[in-house]
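Contents: one structure, followed by commentary.
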Amino acid sequence: MNFSVVGGQFWSLMLSGLMLGLIYVLISLGYTMVYGVLRLINFANSEIFMVATFAAVWAETGLFHHPITSQPLHGFKLFYTFVATLIICMLASGLTAVVVEVVAYRRLRARGTNRLASLISAIGASIVLSESARILSHSRPQQSPRLLEKTSLGEFGGANLRVDTILVVVSALLLFFAVDRFVNKTRLGKALRAVSMSEENSKLMGINLNRVISIAFLIGGLLTGAAAFFFMTEYESTKYNVGFNLGLAAFTAAVLGGIGNLRGALYGGIALGLVEEFAAAVIGSQWKSVTVFVILVLVLLVKPNGLFGEAIQQSRV
Amino acid sequence: MSEKLIELNNVTMQFGGVRALDEVNLHVNKGEICALIGPNGAGKTTIFNVITGVYQLTSGSISFQGSDLKGLKRNIITKRGIARTFQNVRLFGDMTALENVITASDVHKKSGLLGALFGTPRSRREERESKARAHELLEFLGIDHRADQLGKNLPYGDQRRLEIARALGTEPKLLLLDEPAAGFNPAEKKALAETILKIRDRGYTVLLIEHDMSLIMGISDRVIVLDFGQKIADDLPRNVQNDPKVIAAYLGVPADAS
Amino acid sequence: MRLEIKDLRVHYGKIEAIKGISFVVNEGEIVTLIGANGAGKTTTLKTISGLRKVSSGQILFDGEDISNVPAHERVDLGISQSPEGRGIFPGMTVLENLEMGKYNRKNRKIEMNEDLEMVYGLFPRLKERAFQAGGTLSGGEQQMLAIGRSLMARPKVLLLDEPSMGLAPQMIANIFRIITQINKQGVTILLVEQNAQQALQRAHRAYILETGNVVKEAKAADLLNDPAVREAYLGTGAH
Amino acid sequence: MINLRDKGADLWEGWNRPKRITFVFALLVVISLLPFAGNFSFSSFLNTPSASYQDVLVYPIGMFILMALGLNIVVGKSGLLDLGYVAFFAIGAYTDAILTTKTHLNTWQVMPIGIALAMLSGVLLGLPTLRLRGDYLAIVTLGFGEIVRIVILNSSITGGTNGVASIPNPPSVLGQKLDLNHSVNFFWIVLVMILLVIWMIRRFTVRRPGRAWEAIRQDEDVAILMGVPILRYKIWSFSIGAAIGGAAGVIFAAKVLVIAPDMFTFNVSVLILSCVVFGGMGNIWGVVFGATMLAYVPQRIRFITNARELVFGLVLIIVMNLRPDGILPRKKREKLSARKEKSA
């Protein structure tokens, strides 16, 4: 235990916690979207994340042929790589999510089999994804080129305000508010909310249930893909099992905020990111995931509806 | 004065903006067949759910055999002597009829896992007794020939009868029947009426929700009418049938009268 | 737009809930199905709107068999159902609920204000509460919202499931007055109701249902004092 | 598709007592002689590319069957999805590894300790989490499995990444040596454990605990309204499953002599779950069949070995979509007498 660390690094821990938290937020929306319409946990979401990290590596090295060096990109090159890779990541995971829904959920739902069955088939899908990646990548970590300069823009209370961190934080926040707006203001978004409140009454409104469910998977996937892209720009390395810990953490964030609740996911993700960074600083980074797990169990015990569970009725997806 | 078995005092149940039960007072006497009727959405099944502990009361209290049921776990309430059937049949479909009943009668058994593992004398005796008693209950409901069939494979009528047998398996003092005649033809209804009377004659107290008025009028000692979450009548069947408030609740009042 | 039900059978799990019923709703009519609980009224409506599967028989809408059309497409055809009880979206505002009613309409945007005004005209209460969450409304207001929402789709046939359920008498009379008004604006109405007095006063024709069968068909007015009605609800020996 | 289990059950019910006893006895003899089947030239195909047939019988086949039977109590019988089953296996294995290397206790003396520790951790995990709905439970157990691995990885007593080496073999039983050259004896030990577990499950199934589990699996809400103390029975189910996992872990450590954290990943939990699901949740023979197939086939066919988990994933998806009840599903049957009556 080393509490003295916290004092000196307070603001830099805050910043890195915020960034990690926002990545969690985006992934946890993958869980939350699906949970909202199906009342089921999308077990494969962690692997949908992994797929997008691989897509990022492929796009940056395979498609744009950027060498793996510590030299950041500049100018137009940076711009098109950033935008194109982000889009490719989002599409990769969005499509994967839609396929997972068709393969692992749709048929079982039509048959009305029990929850255990769809849970197990989703686990199956998640294993297929991660194992395919393992075999294709020969279990080796995949490096991605440096996109952004890791230089400081200035200091704030001892924290380095780095370009990349700030860009990730800002983009993630923008994406979150875009989704929040989408769900609350657009016709499709409202259909998502309607289905989460009552399937039967949604049908009476003329809503095509299968389509809405696919869209929930798609949006969840797109966001998870964006999270994967930000993760790669920041950490620059991935492996076939990268989704496991991140998935667990993001799920914890979703539960923390009250699963199925958009704003809850935002608060839950940020809170978890901060707690994790501080815990890592104080008790050692190898205990990061233990912290996550302990928080998960505590929340489920004390407030099974999440910390922001009360709001569920209002802003459920 | 007959003895009150269960008593609901000012029971209120609120869901969101809607009051499903509004200050309801009612009781069931020991040994009677009491019917609970009322239009759709009047709160009848909600009464069953608050009695069996499925819902926590918003306010009010329920006393059973003189003691408060507040805060008791659902399985303990069953153990105290309240058992129920369900509006939509909810059997253990993958168990045989016999196992369904034995599972319910396990509530009063003492032997645990070690007993089961090593086949202690008590465990063997209890298993024997349960089995005999379950057969006896199935016999009583007229479905003992179905004992070894799976719940889900039983014909509909026998599923309903099995639900009653299962509820009786817990040795209840109060038996709650939720629309036991739903989907029955007249002959089946008649047979069911006789069964309910026989159940009462065995010493059980019955509270039933039912829509078939002729069935209710034929067997109940007392009828309680709910409307809009409130009790609007509590009387002998004949009186209830001619109570203007009850008729209005069911048939509505003419437009000009309101 | 004529709605014709031919020898319809519906199973609910193992129970045959509807045992071969036939009836007709002509254009411009209010037809009511009355009968005690468990007679199969709600199941009939849900089958017409597509929420329940048909076991056998036909649902003819304007002469076409729609029994295999998915529920969400039937709305586009012009069949709207206002569900039993509190079938609104509790977490959405009144306005959002009403907007959902137009979910699939082609001229959604153009017609929106017009239709909102129409619904607000019928139920001024909803306008006052436009920005309040549906779940916080009283039972009567929720019922108004459910009816108003189904009108937003500009249905040709409106299916009303127990609009009086759980309402105070004053409110019941009010709702039924509005139902007549809607009908006068040209909407054909199939009304399922337990409150027989009101339903029979407002409807043109009526069918009495008993345990999944039609037992009687008549002009609504003729049934008002028919002992058969009372019998259907309160059993034999009532008097 | 025909239900093989029902066919088998019909046959069994048609027999009288002496016939049944003869059959069981014969079956046991055949099974215990299985290790020798690889010795003949005509059956040498049983040997797998990586290991001798006798070794494969012990690990993975025997161990898989044992663990799958344990997990089956939790998932198949009581309907609780446990994705962290590997944790109990790891606890058993490390208990044996640490105690036999650092104390004078031998494997058989450690066995009850390993079982007790696994059970205890099952209870500790179960108490707070078994109140949760199914999918939450799945995630929490998954997390638990991971936590146990991380703790092992980061503790000094467990040897961290390197694990524990030179774990002693168990002492001889009835004069039969248990070491690398005597896989047959290990097989017999595991066989006895499997038989014990089967005996236990059968006892529970026909009596009160089995009914309670079955009721919880089918309809938890009704079960509690019929008076079943569901939390208590869930915890029993959980901890008995854990105990079997722990026992398997102890024997595993004693057989392989070296254990390391990477033997106890999430994949193991999934693998055992696949065995249960593939064979038929809730049915002993289905589980035994599933475990045998999924343990042996990837060993035998080399190209699958690398893609083993991938195949398991596919198995889960395909089986759930096509036969949600597995290859040999749980009791769909009624006693012969009941069916005769119906058709009559």
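We just call them A, B, C and D in the order they show up, numbering each chain from 1.
To be clear about the criterion, a residue touches a chain if its C-beta (ideal position, glycine included) is under 8 Å from a C-beta of that chain, and two chains touch if they have at least 3 such contacts.
Just so we're clear, the structure is a prediction, and the values are computed from it rather than from any experiment.
Participant: Of the pairs B-C and A-C, which shows more C-beta pairs in contact?
Facilitator: Most contacts of the two pairs: B-C.
Participant: How far is the middle of chain B from the middle of chain C, if each middle is the mean of its Cα atoms, in Å?
Facilitator: Chain centres of chain B and chain C, defined by C-alpha means, are spaced 32 Å apart.
Participant: Between chain A and chain C, what is the gap in Å from one C-alpha centre to the other?
Facilitator: A distance of 44 Å separates the two centres.
Participant: Rounded to a whole Å, what is the gap between the Cα centroids of chain A and chain B?
Facilitator: 48
Participant: Chain A to chain D: how many Å between their CA centres?
Facilitator: 34
Participant: Give me the residue numbers in chain B that touch at least two other chains, ranges are fine.
Facilitator: none
Participant: Listing for chain A: what residues touch at least two other chains?
Facilitator: None at all.
Participant: Given which chains touch which, is the overall layout a line, a ring, a star, complete, or other?
Facilitator: Topology of the interface graph: a ring, with each chain touching two neighbours.
Participant: Could you list each pair of chains that touch one another?
Facilitator: Touching chain pairs, listed by label, are A-C, A-D, B-C, B-D.
Participant: If you look only at chain B, which of its residues touch chain C in the complex?
Facilitator: Its residues touching chain C are 16-18, 39-42, 88-89, 155-156, 159, 179, 182-183, 185, 211-217, 228-229, 241-242, 247-248, 250-255, 258.
Participant: Can you check the complex and tell me which residues of chain A touch chain C?
Facilitator: So the residues of chain A touching chain C come out as 187, 190-191, 193-194, 197-198, 200-201, 203-209, 313-316.
Participant: Given the complex with chain D, which residues does chain B contribute to the contact?
Facilitator: 52, 54, 73-75, 78-79, 83-84, 86, 90, 92-96, 99, 102-104, 106-107, 109, 111-113, 115-117, 119, 123, 126-127, 145-150, 153, 166-167, 169-170
Participant: List the residues on chain C that touch chain B in their complex, please.
Facilitator: Within the complex, chain C touches chain B at residues 13-17, 36-38, 84-86, 90, 135-139, 142, 162, 164-170, 172-173, 176-177, 194-199, 201-202, 211, 229-230, 233-239.
Participant: Quick check: in the complex, which residue numbers of chain A touch chain D?
Facilitator: Going through chain A, the ones touching chain D are 40-41, 43, 103-104, 107-108, 111, 113-121, 123-129, 131-132, 134-135, 244-245, 248, 251, 255, 286-287, 289-290, 292-293, 296-297, 300-301, 304.
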